[in-house]
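What follows are several structures.
Next come two complexes, and both contain subunit A; in the first it sits with subunit B, in the second with subunit C.
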Partner chain A sequence: MASEPVKNFNQEMEFFVDMQRCIGCRACEAACAECETNGEEPMIHVNYVDRAHSVQTTVQVCMHCEDPACANVCPADAIAKDSNGVVHSANTSLCIGCSNCVMACPFGVPKKMEAAELMMKCNLCYDRTSIGKKPMCATVCPSGALYFGPREEIQKKRPHSTPVNTFKFGNQTVNTKVYVMMPNGSTELRVH
Partner chain B sequence: MFRIFYSLNRKALINATIAMLLAIALVYVGSRDLQNFDAALIAYLFGTIFAVFGIMYRYSVWLQRPPTRLYWRRTWKFVFSKRFFPYLGFVIQQFVKNIMFQRFIYPRGRSRWWGHFLLATGCMLAFMVTIPLTFGWIHFTLQPGTLDIYEAHVFGFHVAEFELGGFIAFNAFHILNWCSLLVIVGAVLMMRRRIKNGGLIATQTFQDDWMPLILLQAISVTGLGLTFDYSFMQGKTFEFMSVTHAITVILFLVWIPFGKFFHIFQRPAQLGTNVYRKEGARLGMAVCPHTGHEFATQLHVNDLKKVTKELDFNFDLEGGGSHLDYSPEGKRAALAKAQFAAREQQGQFFG
Partner chain C sequence: MPGKGLSAYELVEAIHRGEIKGLLSICFNPIVSLPNNNMVREALEKLEYYVAIDFFLNDTARHADVVLAGALHEEEEGTGTTAEGRVVKINPVVTPPGDARTDASIIIELAHRLGAGDKFPYKKSEDIFNELRVASKGGTADYFGITYEKIVKNYGVFWPCPSLDHPGTPRLWEDRKFATADGKAHFNPAPYRPPSEPTDKDYPVVLTTGRVVSQYLSGTQTRRIGRLVDPYPEPLLEIHPSLAQQYGIKDREIVKVKTRRGEAEFPAQVVTTIRKDTVFIPYHWAGPKSANQLTIGTLDPISKMPEFKVCACQLIPTGVQAPPSSESKAYQSA
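Our next item is the complex of A and B:
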């Protein structure tokens, strides 16, 4: 975004995800669809990890990378990160629906809306977080897999966990605004 | 002060200068050595020439970005291949569907499509009329020996004639008014969305979202004002109307390369990505190692591996392969499995 309206984004509030806690209830999906920036389309992903062998489910929001691969590979300059560190959904007048972002995101977040030839993704419920409210998904998650609040609060609630925002995908290190809860002492999450 | 000249993109500067000189040459040739050039439109000409320079400069810089360059090259390569005719047909069909009728906007909302369609149709029609008029490519003369037959000339060649006061004449002389009406209705529909939609209210900015609509409204209203003035006010406010209209139009022209209106020139790239996808599907699909399902074209996956490396990302895995070989679902599952494994190793899944 070239310039931004005056907002009340609270930098003290952070997003902590613990996929291990996800029970696959899809309450977050229903809540996400209420976010006005999505146009009634849920942007959060809930899916089985390996359905043939386990009932484990996982939940994925946009991690809002420090250097977003999606924005870098966009040929239309449609994806931008703002000064709050929020990586926004594609600018609808610029997105050409090529799916580069869908394929390049290491977390598998952006969605291509085929009929509209448009990429959409979680933008941290910008209509809410920009005025100091919590994202929809975090307000309804019953198991604490999605938590939005001050760091001290999550540390008090989860003394055996530590939030991590460094991820390794092969040779690539990715730092994010959103944290994943890991065992104490962890400094990163190596995916591959 | 002159530092800006050193930071200019050389290739883009050359392309923009060539485009600008070409436009000036076309004005000269198309108006038959300026014989048919309407000097009253000189300010519009300067605005248009600046727009040509700016648009070509930005377009050239844009094409130098690795992902854009890749799509640009791939598109032309596929179109000018041995499948030229099928792809030409496909491009024409896509052009009608997605550029002329912007069909891809309809699934995003019906009133949104109507708004955009009216805006775009009004603007495109107006461009088709005003640019040839400003460049002196079209002009009208009275048929010799008559007082009621008008002749239309294109590039100095007589192409049509029509009776003054007739249906054709009425619409030909009022076409820009019809364009203004389309734009006004379209802009009102778009403004309505921006006032009512909570998501848009949260993310919109004045300069990127409101300013273009206000500018288009101002152009249309002042343009209608010209006709209103000579039809109902005996030309009493003509100077005011013509000056305010010229100011708004020139602001629009000069601003095209910098603001939201540049998307008009970026949008045709969508046709290229559709050709790319079609050719990719013909060459073969990529299968996700996790889900076992096809998820994208192999061409796309391979190209993206190269593009990400050009952009200083390296998703190569130590044991061979790449994280980009996984579908979005496969990537999410890989992350969840890695987190699960770390928790399992610790022996404590919660807390």
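Our next item is the complex of A and C:
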């Protein structure tokens, strides 16, 4: 379902998530929920990793998979990836609220909004990124856990980290448009 | 400048002793924010006349004879001074709803009605700021050289700024002249003073109180916002697994916490991120969930800050599991 690439979408600008920098302030959730296109619901989620033993939080934004499980399992063809690599939220006129995508996503991103009978998820602030602006969450993050910009810049700023976008869930490999920052030398993130 | 008055807790103590009989407060929610709030409640009940100005009806306002609807930061013109000492301009973006008015206009009209209008001759917020400029002249935080025009032009001016042609002081002490007898900077080690209420065999556990990230101060604003309620809907008792095991307390079991000033029940949150001899309760809630029913009213002799961070408590497990914290409730009510 690829559409024409939007001219002003700047492919030089990429999304890097540095989970260990998340301080749990939830500014990203608040900024995301300001947006009326999401029905004022946050499409990014901050969670404790293991509250019983740590105060560390982590942030989960849609990873925009190259081969998105959410779109593959959708029986209504409501989820589309465009030629810029952005996986869009469910088309509201097609989504039947079945929650297949909610269960299929290995990152736990899509959420079923019960009141709306719709799945909703991050669309990389398409209204902003398609005209060369950063996603709202990346503009408010005070600790650099969410970074949207040129790769050279983040590599200069974080010389001990390397961006990774290959995830292994058991025998399943998932490649994504969004990167996570990992220790230098890492090539993939394995989830057992 | 007016003379030194009473700090917030001392003021409530003076009301309790019957020395103060009337109170006009602005954005003051002592029934949540002050320690030993069973005493605070008694004091509020003793007031002969109480007028509360606030932008939302707070938990303390139920004790007021008259409540006046004030204004939010976004509805007022004025200045704010940031933690780095930068004086910035605040401009209203919306007008107060209904009959709500700016706090300054309420005070000025009250002054006129009470026959003291000549002491409040202000026509606009800048007139009040200009009085602060004169009042602070020659002081440590000297605002005299700061004007509205200068603030707007420079995106803020840092105090001290002693004269109109002074650019302000973004970084203090760059001239290495300090306001001490010998002009040198002094390290000022604070002598250790033990807490006023040490633990003992009756109250063997240290109680400390504080905040959670999703709530702000006494919650007058933030307990009304579903999205801020959801991440932490109710106060929990943080307790270390080894202390919990000693009392047989399980995660989310309701625990009665008792001090010499009050008692309240909280679900336990068993975490290794707290000391083994200490329990923690956040203070943002009112009524039976208020942590400040338990805290002690001892003040630091210099700062007058109450000892919110340490008092002695006992833990009484109830054996009852708290129902799950219902995160989705706020969404449903929206």
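Convention: the second predicted complex is superposed on the first by the 184 of 192 C-alpha atoms of A that agree within 3 Å, B and C clash if a C-alpha of one lies under 4 Å from a C-alpha of the other, contacts with A are read in each partner's own complex, and residues count from 1 in each chain.
Quick note on the criterion: contacts are C-beta pairs under 8 Å (C-beta built on N, C-alpha and C of every residue); 3 or more make two chains touch, one makes a residue touch a chain.
Since we're looking at a predicted model, the values are computed, not measured.
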- request: With the two complexes overlaid on their shared chain, look at subunit A and say whether subunit B and subunit C clash or fit.
  value: fit
Message: Let me test your reading of the model: by the given contact rule, A:R158 touches which partner, first (subunit B), second (subunit C), both or neither?
response: first
Query: In the superposed arrangement, does A:H53 touch subunit B (first), subunit C (second), both or neither?
result: second
- request: Name the contact category of A:A33: first (subunit B only), second (subunit C only), both, or neither.
  value: second
Query: What is the contact status of A:A115 with respect to subunit B (first) and subunit C (second): first, second, both, or neither?
result: both
Message: So if I put the vertex at the Cα centre of subunit A, how wide is the angle out to the Cα centres of subunit B and subunit C? Nearest 10 degrees is fine.
response: 110
Query: Looking at the overlay, does A:M19 come into contact with subunit B only (first), subunit C only (second), both, or neither?
result: first
Query: With the two structures placed on a shared chain A, what shortest C-alpha distance in Å links subunit B and subunit C?
result: 10
- line: So the subunit A residues that subunit B and subunit C both touch are 115
- line: subunit C contacts subunit A in the complex at 213-214, 227, 231, 251, 269-273, 331-332
Task: Name, in rising order, each residue of subunit A that touches subunit B in their complex.
output: 1-5, 18-21, 35-39, 45, 47, 49-50, 56, 58, 60, 69, 72-77, 88, 92-94, 96-100, 102-110, 113, 115-118, 123, 126-127, 130-131, 158-161, 167, 169-172, 180, 182-184, 186, 189-192
- request: Using the touch definition up top, name the residues of subunit B that touch subunit A in the complex.
  value: 62, 65, 67-68, 70-71, 98, 104-105, 107-109, 197-199, 201-208, 260, 263, 266-267, 269-270, 273, 276, 296, 300-301, 304, 307-308, 311, 313-318, 322-324, 326-340, 342-343, 345-346, 348-351
Query: Given the complex with subunit C, which residues does subunit A contribute to the contact?
result: 24-26, 29-30, 33, 42, 51-55, 115
